[in-house]
Amino acid sequence: MSNPDDNDSRNTDNNVSDEHLPSEQGHGEVAPADDPFADPGLPPHEHRRQDIDERAAKRSERTVALLFTVSMLATIGFIASYVAIPIDKIVYIWPFGHISGLNFALGLTLGLALFCIGAGAVHWARTLMSDEEMVDERHPIQAAPEVKAQVLADFAAGTKESQFGRRKLVRTTLFGALALVPLSGVVLLRDLGPLPGDKLRHSKWKAGSLIINENTMQPLRPEDITVGSLTQAMPEGLDPHDHDFLVEIAKAAVMLVRLEPKDIKDPKSAEWGHEGILCFSKICTHIGCPATLYEQQTHHALCPCHQSTFDLADGARVLFGPAGHPLPQLRITVNDDGYLEALGDFEEPPGPSFWERG
Amino acid sequence: MSTATKTAEAPEASSSRGKAPAGERIADWADGRLGIYSLAKANLRKIFPDHWSFLLGEVCLYAFIILIATGVYLTLFFVPSMAEVEYHGSYGPMNGVLMSEAYASTLDISFEVRGGLLVRQIHHWAALIFVVGIFMHMMRVFFTGAFRKPREINWVFGFLLFVLALVTGLTGYSLPDDLLSGVGIRFMEGAILSVPIVGTYLQMFVFGGEFPGTDIIPRFFIAHVLLLPGIMAALVVAHLILIVYHKHTHYAGPGRKNTNVVGYPLFPVYMAKAGGFFFLVFGVITIIAATTTINGVWVLGPYRPDQITSNAQPDWYLGFSEGLVRMMPGWEWVIPGGYTLNFGLLVPLAVFPTMLMVIALYPFFENWVTKDRREHHIAERPRNAPTRTAFGVAWISWYLVALVAGGNDVIALKFDLSINTITWICRVSFFVLPVLVFWATRRVCLGLQRRDKEKVLHGRESGVIKKLPHGEFIEVHEPLSREQLHTLTAHDQYRPAELPPATDENGVRNKVGLIEKLRVKVSRGYFGESGQIAKPTAEEYREITEGHGHH
Amino acid sequence: MKKLSARRRHPLAALVVLIFALAVTGGLYAVLAPSGEAKAEDSAQSLAIEEGKKLYDVGCSSCHGAGGQGGTGGPSLVGVGAASVDFQVGTGRMPMAQPGPQAVVKPTVYDQAEIDQLAAYIASLGPGPAVPEAEAYDPAGGDPARGGELFRTNCSQCHNYTGQGGALTHGKFAPNLADVNPRHIYEAMLTGPQNMPSFPDGVLPEDAKRDIIAWLDATNTSESPNPGGLSLGGYGPVGEGFFAWTIGIGLLIAVAVWIAARSAKAKKS
């Protein structure tokens, strides 16, 4: 527990010594002879050079005025730079490199103009304004008992006059009305968006979709994809100019890799591919970043957001990191024209997991 | 209120002297309507104590003002729209690239509007420094115990401002719709989707459909420029009013007591110093913005959900939440009924607010332990509250582990380490380090308390070596001044709580609840012999000083 | 414990502590530093095969085996092509100096003529990608904007948005591409050195590779403009946050200390 004797008096003690008067500071109170740790009171005020030497004060005045003048000049410099320097001018300034001349000039002049106002004001305050410390008394925040009693009485009177306690029916229905009325606001939020339905379960892939190389926008053939290569692809029928392109690519983006068939550990995964070509959703199952940091010797695919690591040789099993399940694999085959095509949509929803995912 | 109103400013009533000067007449006019004289009487000579650490809060205030000013300018040019356009502005390496209007207008601010790049960089740097300032300011308040009565509510206001700053930062980071900000939004989508039962519904409502859709940036925009800054501005005003009302804390020292505040008056000294500081902060941030790139969106490219960059991080203030996610192992359960619980996100999402609440609620915990109902206006030295200080430093170490984990890829790259090893070290440190740091900090605090006691009782080591007649060498200790003696002994020391006697005087058993028993235990840890060094008493001091000359 | 505290003021105590700390740091690094063995692929085709074979027998065969069939720690070089040799040896990655998670850039051991001979010899072992023509990787002929899009689709996930590099699993990393010879960038895309996947022409056609080189040339060389000022390493928010916590708040605290410091007092006389 606290130490009542030397503390309790503190916050109510208003009749302390009169040392708060600035003129009397420094004399301190006479410490009781028996307490070596007693408060000796504020130390006497010491003068600065500027207080006793007018030449020093003049020097301070000139410094402050100089700073304010530099600020004015810097503002003129700012306007001049704004007018004179073309916006696309790149200049080399050590150590910053090849930077925009306008940005540098504007920022430096504006920064200087602001800084000098501040430096001048502070220098003025530090050297010329009085630096005699002053004392302000604190007063307890808690109201005096008679004030509290008055307020409580007023409140009781008000409550009585309103008949709030007596008319129970008024009270209950008021609470009911107030509790219900915010519901309208909640209902109004309904049209913020559609219901999820099965939107998250399906992507643009369907049986027979050609696999389009994102780099060439041409359908891929098996011979394009060599062992150790990495190909970013999407389903046919998607055009970056479409208004729903980003929504669709967020679910349908895939990557294709080719492994030596003997390196594929998961037979089902091998069967879903074509001669070692495997097609995985590249959307990480954790929060949905593209997990495309593919290491061709280890066959690991890493996600740069939270380091979930998937083993593409083993059905994209999770090796490390916060992802909870493998990247979905797309079943592919080769059609009669020799192009790779999908055998259907992903069998499980691509992208980050969600409650109804199962 | 102020005891210092008697100086030049207070004019005698003017009517009798004929026509008053114009300034006074304007003031009279305003006083008749606003009562400004009474207001000024209380506040014009308000005293503020002088200490650099008391200016950290001002850094935040000024950064906030800078953010609003530059933010308003940016809204004049920014187009919060996700409509696709083909870019044909003056930045060559983006020519012809498909992008949202939001990203295109951000490029235009950087390359077509003269000074636009500067304002953008000031805005973003000010945002980073704003949150750094809040963090430092909170820690100053925490470690000096300035959150104690009567300032608990202001602590909560400050904490709310901290949280709102994080959210406002996140929404601002997302607006340019560049590759990194899009990844941030994608993270939000994943986080919302992981919420059990209602996740998919919430996601559809927040995004107006499937990710990314075309609604999220306009919605974030209005939150970032109107809703959040509006709430923050109101809280900032409340925060400031309470500071003025409570008067600032000061450190113990001669003449500085719990019942007064010692420093310089608002007018003129603090008007010049604080006003000047605003310009200094603005100037420094502007010079940083002139010389140092922040978020060079032009090389990031527009967001596409199938593209990504390595080193994908949020701004630093959310780095610790990023780290929590990176440390998390990949746990995911499919519960009966075919529902998925994605603990890889759910756990970090629960730990994130918990970490913040732990520090936010600490003041109430400490008050529960001390049961102290007095007002406190003396800022304590951290060493004199060892358990609190140790708790705070342990919390910072906890936070830092998560922050480091959030940058594990950059650290791995820069220091040639394995990202997996760093992650594992962070996983272990997250549980172990705070405990070690707590223990070590408490010991350091107790050691410093012991040294203070030593200094009070035996004086300060002068560095002068004396040879005694019998050949022994001793170092001369100089006694401390009265001011120092007072300063080093001015702090309060609580006594540990005690359980009431098992039976009262009538022999009836005292019932003590479990919670009270726990409180007594905690209190002993705080204030028992292991928790603090009893400060020197006058008797001890006299005993030693009376036998002087021996030492 | 008592003994220890008595001795900590010994004049040599600081030295002992220092040596101990160094040993701990070194030991920790040895434990933490990623280990493993890197593999590299190489190859060649053409004229001075004889000269190349001599160089090969002296410099490479201990790992890659006589005749390039692969050996202790070195993979087979049959069919890796001249481009691979030009990249691996031309960037100094080969011959490897020490085992590590991956071969790193070093000063080259061979001059360009010798590299060409080595490449010719390796190419003769089996068909593989040839060293590209100069125009194939001339950044002036590429479209940096399209290259940027291709870079963000194929490369930035590992190499960062302007090619500053990034971390991979277990100590492997994608290197910084700043100021790398465009020919080597082209060869890396073509051959997929070490853990980097390859981007054969069927996946990423020649002109697309040149566009990517043009993007890197426009954004990540020591000559490319950086309008905003210092780029802080180009790692994005981590570097920026570090700057804000050190220089940013540091400057402001310095200013605050100045504001609150007691002004100089006149000397007491």
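Letters A, B and C mark the chains as written, and numbering starts fresh at 1 in each.
By our rule, contacts are C-beta pairs under 8 Å (C-beta built on N, C-alpha and C of every residue); 3 or more make two chains touch, one makes a residue touch a chain.
What you see is a predicted model; the values in this text were computed from it and never measured.
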item	value
Chain ID, smallest distance between chain and overall C-alpha centroids	A
Of all other chains, the one whose Cα centre sits farthest from chain A	C
Separation of mean Cα positions, chain B and chain A [Å, integer]	15
Centre-to-centre distance between chain C and chain B (centres being mean Cα positions), rounded to whole Å	39
Separation of mean Cα positions, chain C and chain A [Å, integer]	31
Multi-chain contact sites of chain B, meaning residues that touch two or more partners	111, 117, 121, 273, 276-277, 280-281, 284-285, 289-292, 304, 306-312, 408-409, 419-420
Residues of chain A whose C-beta touches two or more other chains	96, 99-100, 103-104, 118, 122, 126, 131, 214, 232, 290, 292-293, 304, 307, 320
Residues of chain C engaged with two or more neighbouring chains	153, 157-158, 166, 168-169, 174, 226-231, 255, 259, 262
Touch list for chain A against partner chain B, complex	1-3, 6-8, 10-11, 13-14, 16, 19-22, 25, 28, 31, 34-43, 82, 87-88, 96, 99-100, 102-104, 106-108, 110-122, 124-126, 129-131, 133-138, 140-141, 189, 192-196, 199-200, 214, 232, 234, 240-241, 243, 246-247, 249-251, 253, 282-283, 286-290, 292-293, 304-308, 318, 320-325, 352-358
Complex contact set, residues of chain A against chain C	46-49, 51-53, 90, 95-100, 103-104, 118, 122, 126-127, 131, 213-216, 220-221, 223-226, 228-232, 257, 290, 292-298, 300, 302, 304, 307, 309, 320
For the chain C and chain A complex, residues of the former touching the latter	39, 150, 153-154, 157-158, 166, 168-169, 172, 174, 192, 194-200, 202-205, 208, 222-231, 255, 258-259, 262-266, 268
List of chain B residues in touch with chain C within their complex	50-56, 58-59, 92-97, 110-111, 117, 121, 125, 128-129, 132-133, 136, 179-180, 273, 276-277, 280-281, 284-285, 288-296, 298-301, 304, 306-317, 319, 407-410, 412-413, 416-421, 425
Chain C - residues contacting chain B, complex	32-34, 101, 144-146, 148-149, 152-153, 156-162, 164-171, 173-174, 215, 218-219, 226-232, 234-245, 247-249, 251-253, 255-257, 259-262
